[in-house]
Every structure is written in structure tokens, then in C-alpha cells.
Amino acid sequence: MTGRSEVLLEVDGLVQRYPGTRNAAVDDVSFQIRIGETLGLVGESGCGKSTTARCIAGLTRPTGGTVRLGTRDVLSASRSALKSLRRDMQMVFQDPYSSLNPRMTVADLVGEGLLVHGLRPERRARRDRVVELLDMVGLPASSLERRPRSFSGGQRQRIAIARALAVEPRLLICDEPVSSLDVSVQAQVLNLFKKLRTQLGLSMLFIAHDLAVVRYLCDQVAVMQSGRIVEIGSRDQVYGAPRHHYTRELLAAVPVPDPPVERERMRTFRISEEST
Amino acid sequence: MSTPADRAQYGQNLLEIRGLRVAYGNSRRDAVEVVHGIDLSIRPGERLAVVGESGSGKSVTARAVLGLDTDASLSGSIRLGEHELTTLSRRRMRDIRGARIGLIFQDPLAALNPVMRVGWQIMQPLIIRGTGKREARQRGIDLLGRLGVRDAGARFDDYPHQFSGGMRQRVVIAIAVIAQPELLIADEPTTALDVRVQAQVLQLLDELARERGMAVMLITHDLGIVAGFAERVVVMRNGRVVEHGDVDSIYAAPKAEYTRGLLGAVPRLDSDPDRELATVAPDWDAS
Amino acid sequence: MTVPPLSAAERLVGTGLGGTVPAPDQADPRRPNGSHARSRRRTRGPAAEQLAVAAAIVIVLVAVVGPWLAPHDPYTVDLTQQLRSPSTGHWFGTDVNGRDILSRVLAGARATLSATAIVLAVATIVGTLIGTVAALSRTIIDEILMRICDIGLALPSIVLALGLAAALGPSLRSAVIAMAATWWPGYARLVRAVVRETRDAEFVDSARMLGVGRMRLVLRHVLPNSLSILYVQVSLDVAAVMLTISGLSFIGVGAQVPSAEWGAMISAAAGNVGNGWWAVLFPGLAIAFTAITFNLVGDWLRVRTDPTLRERA
């Protein structure tokens, strides 16, 4: 399915070091995402996966390394170059309760990208496009004049997705987009991601701590620990034949919703070293 | 897990909830009922999981058992052994909390007082009930060691911020069980933890409950951890029980449509990733 | 001192544990935002708020047309009518110079209110500007601006007013200049603290990610979500500013005799309170009434302008 298509995102030797800390938050991280591909970046809290995402998105300036989107360098981009890069690269954040400006209506939230990039300068055309986007993520046009406050978590995340997709990005960075949602809502949003990815030919960088979620959505998987990628490979390889002991340990810790299997797993699970 | 012989011995329920309704709000007029008459029971030493999504009323039920919300109005019956908890005075309720029912909250950081040494917080339930300081300290250190905190004697006088997330949750567990309660209510005890630490904490809870013959009411949204931990399951939605039964039969053959949907909605490591996840319908979130 | 309660509340909302907040009747009433909105509504009914808004409109109208409403000339001295107690002829009585107090209170509304309004408007604008720039600038600029604020905070308005009075002559105008110059640093600090908090909010990152320009980012995303705390502060300060202006008038560097400014009226009559309590009471009531009204209006404004407190499906 991936074939040998063109590389869309190339991250090379990314380092993020904060003053006054011994270890780098992100330590020599390199990977590629090809067009149409979804890379899952998994790891426990504090492993540097979100910082990696923010560096790639240009929201934080890393200490070192390069990030290329297509042929363009993200980190050395001028203000105007960065703005045009934003059209190709968008982000969905973790918490739909704080990632939407509470004072803006859905029409303004979803239409903001169109407005600032001058994609639909005319008000009417913009509105039509917003309705189209809402429909794509499964929200009715009657949502337009409402504010985020009156939506549930899952609906808010749909709004956030529509907002990100408005500028027709090629790469969608998702930072734990379903971790704050209920199980049934999470399933709906994951299915939506799958649908949109096929429909729009999106490439995705999907950050999550839940290994089962990543397995469901991603073709390629990178496992991070203490700022480093310890293992990267295809989904089947990483989940079927993990090479690194940390990956094996993570996988062994994931509960399975099947009582006999899970009881056995719980009995035998051992952590290799007191790393907590 | 308790053997059939155990069950015969403890034929009676430890906790029995009948027709419990919980409403919030000051006046009768603007009260909002969030739990609409539920029944559930726990036998001594039994592990019961109460499963549901947000708004299902699972935490509200747990808080009602403990009488934690003073602005909640309860009706129906909550019996713990010989006590009827819904009508118990505040003072008597305080005696029951801690001594007979222990509680673990979701967020170990919020549950600990940041300016008090953890040892003092662990000893408190014993000291309040008249145990001598030296004995309380020894029991606290022993328990903390049992919970896998290395060098427990030295760490006993540390402050919460000196512990990692997983270690803090062990301290919270120690506070909850030091007075040897018969029932432990664990409200999403591992939701804030990483997956490996979650596995460890669940193992510990499992062992501890076994050793002490302590009943556990596990409140969670995570069907994965329920499968390995619980003997019986109650599935809640919108303040009602939609299904209850023993864990094996509910997972093998869920009767309620909601339970089926919930089980199908969880991505899992042993299923085909190309098969679409089930979605629970109807739902406020479906558009 | 400037821990912004708004952002704390917003953070609580942000960490909403579960995902779904379904229909409001299903929402968990223990959710912090839910209970907050509820308790707000319980403490003050909409009737009280509407009443306060109506009263504020009346006060402002009086400030505009007050002098024409006055039954007597507020400045005419009539020594035959000294210190008359309230009667049908003089509803609020007369002062030591025989001037009608009702007329003076009505006429004084303009002086007092406009002085207060000018001080607060200048302080708000300058404070917001400086505070926002400081919060969003690099460390050096932030440091410089905050040190300037410290100087402003360290300088008592009375001292500055005395200096200005010496330089420009004592007048209500010097008092207003002195007040404005010493009042804005507090607002700048407040705004800086809140804007810093808002700047780190996820929705601001979301806007940056979308390619939103700097001006729009500040005006559309950061400021609207930062300033509701300032409204509250300003409305609370109405009383404080009015009293300080009165204080300055009292020590002789503010409004000058015989001007009908409420504070100046009180201070002029204070020595004679045993013989004419009404000369102190009525201007005092005017100050108290205005202060309470604007407090209520400020509260109403806050709830109205904060969608996290207002909109529930």
C-alpha cells in the first residue's frame, strides 16, 4: 500500500534541549513520512513525543536538527514562508476543551483558516465551504452560530478537525487527539480519521500513548523512550515482532478486553527495571 | 479470586445498594437527578467493576456510598453490613470511611496534601482511631514496603513531590488500606498512569485484595483492565444499570446492545486493525 | 496578588476528565464549570442585575443633564438658609453656606463621574497596552516595562498630586492626572499576568498553527480571553477612585471650593457633621450608591462577556 511513494516529511537529527536540564527532551530524532502514509509516534508521558510534534509544527524552536516538508525547510522558514507552510501542515490538539477559542462561533473557528489565507475572501463562499467541512466531519450546518461551550468533547474534536482541514493540508499532525474522549466517542473519531485519510489522501503524524489506538490507525510506528526513538518500523513488524525490549514491555502491559487472556497477562507481566 | 467455599461462608452481601437515586442541586425544584434507581451488591472479598462512560453515574454512585457530596440528595438504600449509610449521621459516616471503606482517587497528585510528609498522611487513618504513633509508623512503613516502595523507611518522611506518579499512587493506596477496610472503592485508579505503571498498580491491588480478603469496587471506563481484575461487572449508562453479570459471560456474550457496542469500540491488540470499530448508537455525539 | 481566577477556572474546564458532556441535563453537576455557573446564577437573580444596569443608566443621565435638573442654583450662597435640615423646600437640606444640597449632588455627578471615568479609562487603556506588550515581548522589554510599573506602583498618588498641584496649581485636573499616572501600573501587571496565561493556552497554539497573523492573534484570541478579569477590577475600582479623588479634594489638591464635587462636598461639611449630618450623608450616599451600582454592572458584564459562564446549549 505504501509502495515507494515520495517523501512528504523528513525529520533529521531533531534535538530539543531545555536550559538547566541534564537530558534532552528530544534527542536525535529522525524519521520520514511518505505521501499518504500515517506514522504513529508512541511512548509514555514525558518521552518527548509531544515536543517532537510541536517542533515539527513550528510551534517550538528546537535546539538542533532539520525538518523538511516536501522540499521546504520548516525550521529556517521566514515568517511569510512559515505561513504558506501552514497551508500544507495542520495540527489537531489533544484537548478539545482548550484548543478551541471559547469566544468564537463554529463558523468563525472553521472559517478562520480560509480567512487568514485568503482562500475564500467572500463571506458567502466562505460560509458555504464551512458548511461543507462540517458535513465532512459529521456536524450539521445548524452548528454554525454556536460556540464550543455547547458541544460535547467528541463534537468539539470534530470542529477542531474541520478547522485544521479547512486549508486543505497535506500533512495532519495529531497530538493525542482521542485520549480525552470516551471509548465510544473515541471510536467515532478514529473512524472519522480513517475515512478522511482515504477521502483526502492525507498523510498523518499521529501521536498517542495508547498502543492499540496507534495500531488501529497507523501504517508505520515509531516507539519513543526518554527523547529517543528506540524502534521504528511497519505496523506489522513493530506489533508482530518487536525488536526492542522496551517495545515488548509496553506491548505486554496493554490490557486486553478478554477475561481469560487478560488474567493470564496480568499474572505474568513483569517490568524489567524499576523505571517509574 | 474467591473460591466457591468462600462464597458459601460469606453468603451475605457486604455492600448492598437498592433503588439508589442521586440528585444534585439545592432546591427540590432545580435538582438534577443523575442516578435513576440502581441496584448492585458486593460480597465480602469480591471484585466488582462498575463500567461506564462519562455521565454514566458510576463515580456519583461511588461518592454516594461514601457520603462525600453534601449537596447530593439520596434516596433508596445503601447497606454496608448492618449499617444503612443513607441515613447515617455525619460522625458515624466518618468512622465508616477509612475504617470500613477505603477510597482511591483518580489523580494521585490531587489526593495528597503537598505540604505534609507522606508518612504522616499514611499514618493518619490509624492515629485518628487511637493507634499509638510508634505502631502506626511501623505499620505504615511495612505497608509502603509491601506496596513496592524501595527503602520505605527512608522515603516515609519525604513529601509527595519527591515521588513519581506511580509511587504517589502507591502512597494513595497505602492511605486507603492501612486501616484494613473491608471494601476498597477505586475510582479510575490508573487512568492518570502510564501503561506499564498501570499494570504494576493493578497487580498490587490484586495481590493486596487477595491477601486481606478485601472487596474492591473498581470504577472505570477501561474494559481492558476490568477483564483481568474483576469477577463481576456492572455496566452503567446515563445513570442506569444496563447490564450486570460475571465477567466471563459479559465479555463472551454481552446481552445489552450498549455493552456490545462498547466492547466493539475499543481498539485492541488482538483484533484486525482493518475492521472498523463499532460505534455505540444512539448517542448524543452521533450527528 | 494577581492570580487570575478566570484562567484557573478555565484550566479546570480544560481538564474536563471525560470526553462527552452530553445534553446539559446529563452533565455531571459536580463539573467545576457547571457548578460555577449555577452558583453564580443563584447568588444574584437577573432582576438585580437589570436593576443595576438601569440605575447605572440613570446615574450617567444625571451626570449629563444634572445641572438642568437641579431645583436651585448649586453655587448660590444664601446665608439666611444656612444648614437647614431636609424639608419640602430643600429635600436634602442646605449646607453651611445655604446652598441646596440636592442641587449640588445632581450637579456634582458630572464632576465626580467624569473624573473617575477619565482616570479609569486612561488606566485601562495604558495598562492593557503596556501589560499586553510586556507579556508578549522578549525578556528585556518585559523587564523594562515591569520596572517602570514598579516605579509607578511605588509612587503614592497623593505625593504625585501634591507635586502636580505645586507645578500646575491645585485643581481637579491635576488630581485626575496624578491618579491616572499612578493607577495604570496595577492594571498593567494584572493584564500581563493574565495574558501570559492565555498566551500558553492551546487555542492560541491552534491559531498560530493555522497561520493567524500577530495582530489578529492578539486582538481576536488572546485579549478577548484575558480581559474579563479586568472588567471586574475596573468595576470594583470605581468606588476606590471616587474616594481617592475625594481624598485629594479633601487635602486641597483636588477639586477646589466651591466646586460641587461629591468628595469635596463631604470634606467641606465634615467639620460640621454634628450640626448638619445631611451635608455629609447625601453626597456620601451618592458615592456609595454609584459604587455599588457599578460593582453590580461589572459583575453582570463579566458574566455576559464570558461565554464559558453563559452559553449552555
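Labels A, B and C are assigned to the chains in the order they are written; within every chain, residues are numbered from 1.
Keep this in mind: contacts are C-beta pairs under 8 Å (C-beta built on N, C-alpha and C of every residue); 3 or more make two chains touch, one makes a residue touch a chain.
None of the values given here were measured: they were computed from a predicted structure.
S.K.: Minus chain C, work out the clusters of chains still connected through touching contacts.
M.R.: one piece
S.K.: Which chain pair is joined by more contacting C-beta pairs, A-B or A-C?
M.R.: Higher C-beta contact count between the two pairs: A-B.
S.K.: Quick check for the class: compute each chain's Cα centroid; which one is farthest from the centroid of chain C?
M.R.: Computed centres place B farthest from chain C.
S.K.: Between chain B and chain C, what is the separation of their C-alpha centroids in Å?
M.R.: 49
S.K.: How many angstrom lie between the centres of chain A and chain C, each centre taken as the mean Cα position?
M.R.: 45
S.K.: Mind checking the centre-to-centre distance between chain A and chain B? Centres are C-alpha means, answer in whole Å.
M.R.: Roughly 32 Å separates the two chain centres.
S.K.: Which positions in chain C touch two or more other chains at once?
M.R.: 18-22
S.K.: Mind pulling the chain A residues that touch 2 or more other chains?
M.R.: If we look for residues of chain A contacting two or more partner chains, we find 152, 154, 182, 185-186.
S.K.: Considering chain B alone, which of its residues make contact with at least two other chains?
M.R.: 53-54, 221, 284-285
S.K.: Which residues of chain A touch chain C in their complex?
M.R.: 54, 57, 59, 82-83, 86-87, 90-91, 93-95, 97-104, 112-113, 116-117, 146-147, 149-150, 152-154, 160, 163-164, 167, 180-182, 185-186
S.K.: So in the complex, which bits of chain B are touching chain A?
M.R.: That would be residues 53-54, 150, 164-167, 194-200, 202-203, 206, 221-229, 247-248, 251, 261-270, 273, 276-280, 283-287 of chain B.
S.K.: If you look only at chain A, which of its residues touch chain B in the complex?
M.R.: Counting only chain A, the residues touching chain B are 44-45, 138-140, 152, 154-155, 158, 182-188, 190-191, 194, 209-213, 215-217, 235, 239, 249-263, 265-266, 269, 271, 274-276.
S.K.: Which residues of chain C touch chain A in the complex?
M.R.: Result: residues 10, 13-16, 18-22, 201-203, 205-213, 216, 220-221, 224-225, 307-308, 310-313 of chain C touch chain A.
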